[in-house]
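All chains are identified by letter, namely A, B, C, D, E and F, in their written order; residue positions are counted from 1 within each chain.
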Amino acid sequence: MRLLVLNPNTTASMTEKIAAAARRAASPGTEIVAANPARGPASIEGFYDEAMSLSGLLQVIRETPDVDAVVIACFDDTGLDAARCLTDIPVVGIGEAAYHMASLISNRFSVVTTLARSVPALEHNLHRYGLWSRCGRVRSSEVAVLELEEPGSNASARIGREIARAIADDRAEAIVLGCAGMTDLTERLAAEHGVPVLDGVSCAVTLCEAMVRLKLRTSRLGGYAPVPQHKLAPA
Amino acid sequence: MRLLVLNPNTTASMTEKIAAAARRAASPGTEIVAANPARGPASIEGFYDEAMSLSGLLQVIRETPDVDAVVIACFDDTGLDAARCLTDIPVVGIGEAAYHMASLISNRFSVVTTLARSVPALEHNLHRYGLWSRCGRVRSSEVAVLELEEPGSNASARIGREIARAIADDRAEAIVLGCAGMTDLTERLAAEHGVPVLDGVSCAVTLCEAMVRLKLRTSRLGGYAPVPQHKLAPA
Amino acid sequence: MRLLVLNPNTTASMTEKIAAAARRAASPGTEIVAANPARGPASIEGFYDEAMSLSGLLQVIRETPDVDAVVIACFDDTGLDAARCLTDIPVVGIGEAAYHMASLISNRFSVVTTLARSVPALEHNLHRYGLWSRCGRVRSSEVAVLELEEPGSNASARIGREIARAIADDRAEAIVLGCAGMTDLTERLAAEHGVPVLDGVSCAVTLCEAMVRLKLRTSRLGGYAPVPQHKLAPA
Amino acid sequence: MRLLVLNPNTTASMTEKIAAAARRAASPGTEIVAANPARGPASIEGFYDEAMSLSGLLQVIRETPDVDAVVIACFDDTGLDAARCLTDIPVVGIGEAAYHMASLISNRFSVVTTLARSVPALEHNLHRYGLWSRCGRVRSSEVAVLELEEPGSNASARIGREIARAIADDRAEAIVLGCAGMTDLTERLAAEHGVPVLDGVSCAVTLCEAMVRLKLRTSRLGGYAPVPQHKLAPA
Amino acid sequence: MRLLVLNPNTTASMTEKIAAAARRAASPGTEIVAANPARGPASIEGFYDEAMSLSGLLQVIRETPDVDAVVIACFDDTGLDAARCLTDIPVVGIGEAAYHMASLISNRFSVVTTLARSVPALEHNLHRYGLWSRCGRVRSSEVAVLELEEPGSNASARIGREIARAIADDRAEAIVLGCAGMTDLTERLAAEHGVPVLDGVSCAVTLCEAMVRLKLRTSRLGGYAPVPQHKLAPA
Amino acid sequence: MRLLVLNPNTTASMTEKIAAAARRAASPGTEIVAANPARGPASIEGFYDEAMSLSGLLQVIRETPDVDAVVIACFDDTGLDAARCLTDIPVVGIGEAAYHMASLISNRFSVVTTLARSVPALEHNLHRYGLWSRCGRVRSSEVAVLELEEPGSNASARIGREIARAIADDRAEAIVLGCAGMTDLTERLAAEHGVPVLDGVSCAVTLCEAMVRLKLRTSRLGGYAPVPQHKLAPA
């Protein structure tokens, strides 16, 4: 099985880190094809970056035909709906993957993400996925995406502070780390805080494996009806 | 006052029609600057078209600086959130404009749009705007966007059939026409069915005029925080 | 165009202040007809005052026939539904006007009103308008309505304190001032707190202008069906 | 124990019918004091009638001091919130009473009321009471309130038709009759349709008895804080 | 009238206390039959205890045929739905009873229960009853159920602390005590905090009396259809 | 990896069928341990059967210690919350598994289950899982659970009729088969109706595999805190 793990931003070091996390999570027979768009924003922080990454992101999907499923590895599930109109193989966003998985091990979860500017996009998604009532709060740690790539930043401490608040104030029973770049902090934070901590990349990889095994395909009725051929010509 | 009325698709005849509707709705002192992206889909029908139009749409906004407000003239409010991060002048989508206005003259409204594939995007928007409980149903007439441009189609009859059902089955007290291309059918359908029928283009134009007069600006806190300068370089 | 701006309480000085705010917001060709009931409560603070003002308020509407739209200038949108059964010209409450406008410039707004006793009525309205999910919190400043009329009160400071909390705790991106008597504090508070602050009176005036221009009329189907003639005789 | 059963309209024959129903439901030691306002609409059908009945309705409560609880015997729960600010004895509307009771014997109930114009007011109430999700649909029989007073009308058949639809289409497990004037049809319709049918008058009377026995009083905190003395002077 | 008041746990001293509270609340003609299962958990604290008590609880109902209604005297409304399939006499849980009653005397109530582990079960119930929007917060006092039976514990002080927070932070207008074992603290806490405090046992007893008087029976349509005879054989 | 697939009813032929479906879905290295309680109802149809199966079901979990995860193979997710308090290995219900998976391939799904009496339990679950807004309707085919075991019944045709209605009337984009006994109809119905059809058993098996691989464990905070040792003694 081949999974395309698609980092919507253009920062290759982050693509590497995500690919490594995906490979750790994947089953033995699964090949991870990691990619990022050739052009677009270097980090996705808020609505504008998300919009500007879409054309490059969809191009990667169109040009990577021999895969069995696609993971969209940004926490706002960038371009998820559009990608599902392009192909009927499973397409899973790391945000939705983590929310659904967290719903299976807790009564309520909270999300700790990067900047305040990214929070409303995650809240919109939770509303439309229907899982808003399962979420205590979407919290920002004020750690920027690319700061997570810098050794020596105190990112972990700042994220941990929000986890502690989520447990005390939101009565969160599980924590979702709301950025693909936080993936390597997962285990340490779980141990420190005594709470399940979910990383969206690994959640999405294993969900895709499950869906491929079950031969589940995106519906072709309604909102994900296939894009007409004449609209698929390169922009 | 200058308003940019931005048709997110590249069909110039539709831009013309929208511009004419906008001018009919505008106050005497308001200048309508109509535009569409240079590249992108010829019609916006569903999630993929929406995604593929964004880069062109945002470019038009960046390159049209001397306006007082922006109307996004596609019913799925294409790129609305991203545009609000680009500038703090009012940006109003024709979908949200019509929903808010319909909420002021009815207890419940229904939407009649083009194709079934476009319905979920409108439903997502209604959820996140909070107005889902005000909407009876989003109905599709199965009239394609560009069919609305063809003289002699029976578009009006097919849309009328859904209006009749909305009144009888959804107990809709007002009807929102869910496509910028339906703007010139508004008055006839209202007269035929004895119900207020709202056209998003004119609703958005007058809302923008109101907001400019009130000096209302998009918030710079949270989700609409301004895009950092280095991210505004051309893609 | 003539707009009836109707203060539901009987305090003439407040009617004056509201009229002045309405005139500042109105377009050149718009005439503001300000009025208040001859009898009823001197301030509307909670459910009982609201109920006791209705008969006088509806009498003013019945006896002021030559207007193009009506603004109900109390934040609980006193008698809004009843007024819409009396006439099909637009009737807009300053509460709903501010909530809809705030929804166009922010992901989430909070309301700062007068007394705790007034809060549940506003919360009821937000629920039924559907905009509850857009509102962070309805906060009371414990400044009474008529205290706002007194020079030298520290009303502005107390309201400002709640604005600061709304930004920090509710993550509000915009603030709605929840009382017609707060209209002249709007600009100062916006400047002090660096956040859009909305005044319902000016929002409602410009919305009415927009609706009149669009020839939008209240639906006659369902809940706003016209009152039968024999029920319009004076009580 | 003395209960004031207050018909908000001025039709004495309907007050009689309601009083008889209340007496049938009441416990031996309970005295029913039936009343209606001296002035106001002869029937409450929609928002305008509701507003015009309030001043008379509240006057009756103010002038009937020696009672232990108040039943508001109109299905839109006319003036309920205002009445609770006037006194801390229990005040129960027949609409809410029937909805709460129906929630104790069914997973979902539907309401069958009089005219379409009355439906949105009931829907607003269900939203704010929180019981909207328990209600399948609010249906109108198009039987006017005063038609229920006429012998020989086919009201029962028309109401029965909506009950049958509610069971089949809404999957209602119980039916709430949405008008005080339908009280004497309850038993017959229940027998005919094999479904529990609830009459709000008897539900409210027994709820008031329960609350008086429990010494439950309306909260004085927040929205039902007592009206200040100077506002209680006659209008 | 005979009411079965059924304590789902096996602690006889608690059954006694509940029976005494039920007798204080009951009308003169009402006989209270108190019972608890012969086997099962000694206290119900969370989902597992609830599940393990069901078989014994339903056996008591099956073997106590000559009663007119059943009160389930545990705050998570243990086995409520199952019991309603066994018999069509009214079955009322003390949780739902208190929530419905609190909705009649306040705009918003908060719940103060025992342990954090019990909170999600109550939250689930509030969601499905529809009354979630009426509840400010479900708070835990960290007083265990059986600790309430011990003289000299400072249970009352710890519960009182949460009541104070509910009034200040949740803006609760009424308090529901979320455990049958708290029934004898009701009056004192109400007096201390100046807020209505509801005890579910007495609420449920009087609701059952009301329903019996009204001859209301659980619906036999849909989810509460009677259990087929062959499934009623002893397990 | 060993998965306990637990059929909550006592019908061994159904346990066999479920085990076969689980084995088809499982990865090569996964061992399926199928079981059913020794006592309890022969089919789970509604609230009473669910309650009566819990004690036996939890006993099986307590007495099957060497497994890595548990699938509860009844569509009402019988005893799910209680089981999560017993152990921190993943416990997944086939209902929730199918709903979450359907949310990843469609904008809206409908459920087709057995009898009308089973519908409200599924609706309650959808509400509390948060996925109610993703579900078009829960439909009953009026095929009883054990009828599915009989060769020659026209179960498939009756279920198919509801699928057709779900696509046309609910605008469902995917179908969830709401009974473990329908598992072998999945592929045929999907092919016949051109829509993804989800079987909860295979969804739950692959979700458990994913969770075991990710070392996700049920949270020990809040509602799923471990049952105290003294409460685990046999009933």
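Throughout what follows, a residue touches a chain if its C-beta (ideal position, glycine included) is under 8 Å from a C-beta of that chain, and two chains touch if they have at least 3 such contacts.
In UniProt terms the chains read A, B, C, D, E, F = Hydantoin racemase.
Just so we're clear, the structure is a prediction, and the values are computed from it rather than from any experiment.
**Student:** Looking at the contacts, which chains touch chain C (Hydantoin racemase) and chain F (Hydantoin racemase) alike?
**Tutor:** Touching chain C (Hydantoin racemase) and chain F (Hydantoin racemase) alike, sorted by label: A, B, D, E.
**Student:** Hop distance check: chain C (Hydantoin racemase) to chain E (Hydantoin racemase), minimum number of steps through touching chains?
**Tutor:** Contact-graph shortest path, chain C (Hydantoin racemase) to chain E (Hydantoin racemase), evaluates to 1.
**Student:** To the nearest 5 degrees, please report the angle of the rotation taking chain A (Hydantoin racemase)'s Cα atoms onto chain F (Hydantoin racemase).
**Tutor:** Superposing chain A (Hydantoin racemase) on chain F (Hydantoin racemase) takes a rotation of 180 degrees, nearest 5.
**Student:** Take the average of all CA coordinates in chain D (Hydantoin racemase), do the same for chain F (Hydantoin racemase), and state the distance between these two points in whole angstrom.
**Tutor:** 43
**Student:** With chain centres defined as C-alpha means, what is the inter-centre distance between chain B (Hydantoin racemase) and chain C (Hydantoin racemase) in Å?
**Tutor:** Roughly 27 Å separates the two chain centres.
**Student:** For chain F (Hydantoin racemase), which residues are shared contacts with two or more other chains?
**Tutor:** 84, 107-108, 116, 119-120, 127, 133, 171, 221-224 - these are the residues of chain F (Hydantoin racemase) that touch more than one other chain.
**Student:** Could you draw the chains as nodes, link the ones that touch, and say if you get a line, ring, star, complete or other?
**Tutor:** Per interface graph, the chains form some other shape.
**Student:** Mind giving me all the chain pairs that touch?
**Tutor:** A-B, A-C, A-E, A-F, B-C, B-D, B-F, C-D, C-E, D-E, D-F, E-F
**Student:** Any idea which chain D (Hydantoin racemase) residues touch chain F (Hydantoin racemase) in the complex?
**Tutor:** Those residues of chain D (Hydantoin racemase) that touch chain F (Hydantoin racemase) are 107-108, 133, 171.
**Student:** Show which residues of chain C (Hydantoin racemase) lie in contact with chain D (Hydantoin racemase) when the two form their complex.
**Tutor:** Residues 39-41, 46-52, 54-55, 58, 79, 81-82, 84-86, 116-117, 119-121, 124, 127-128, 221-225, 227, 231, 235.
**Student:** Contact residues on chain D (Hydantoin racemase) for chain B (Hydantoin racemase) in the complex?
**Tutor:** Touch residues, chain D (Hydantoin racemase) against chain B (Hydantoin racemase): 116, 119-120, 123, 127.
**Student:** Spell out the residues on chain C (Hydantoin racemase) that touch chain B (Hydantoin racemase) in their complex, using ranges where they run on.
**Tutor:** So the residues of chain C (Hydantoin racemase) touching chain B (Hydantoin racemase) come out as 25, 27, 84, 90, 92, 96, 100-101, 103-108, 129-134, 167, 171-174, 194-196, 198, 202-203, 206-207, 209-211, 213-214, 216-224.
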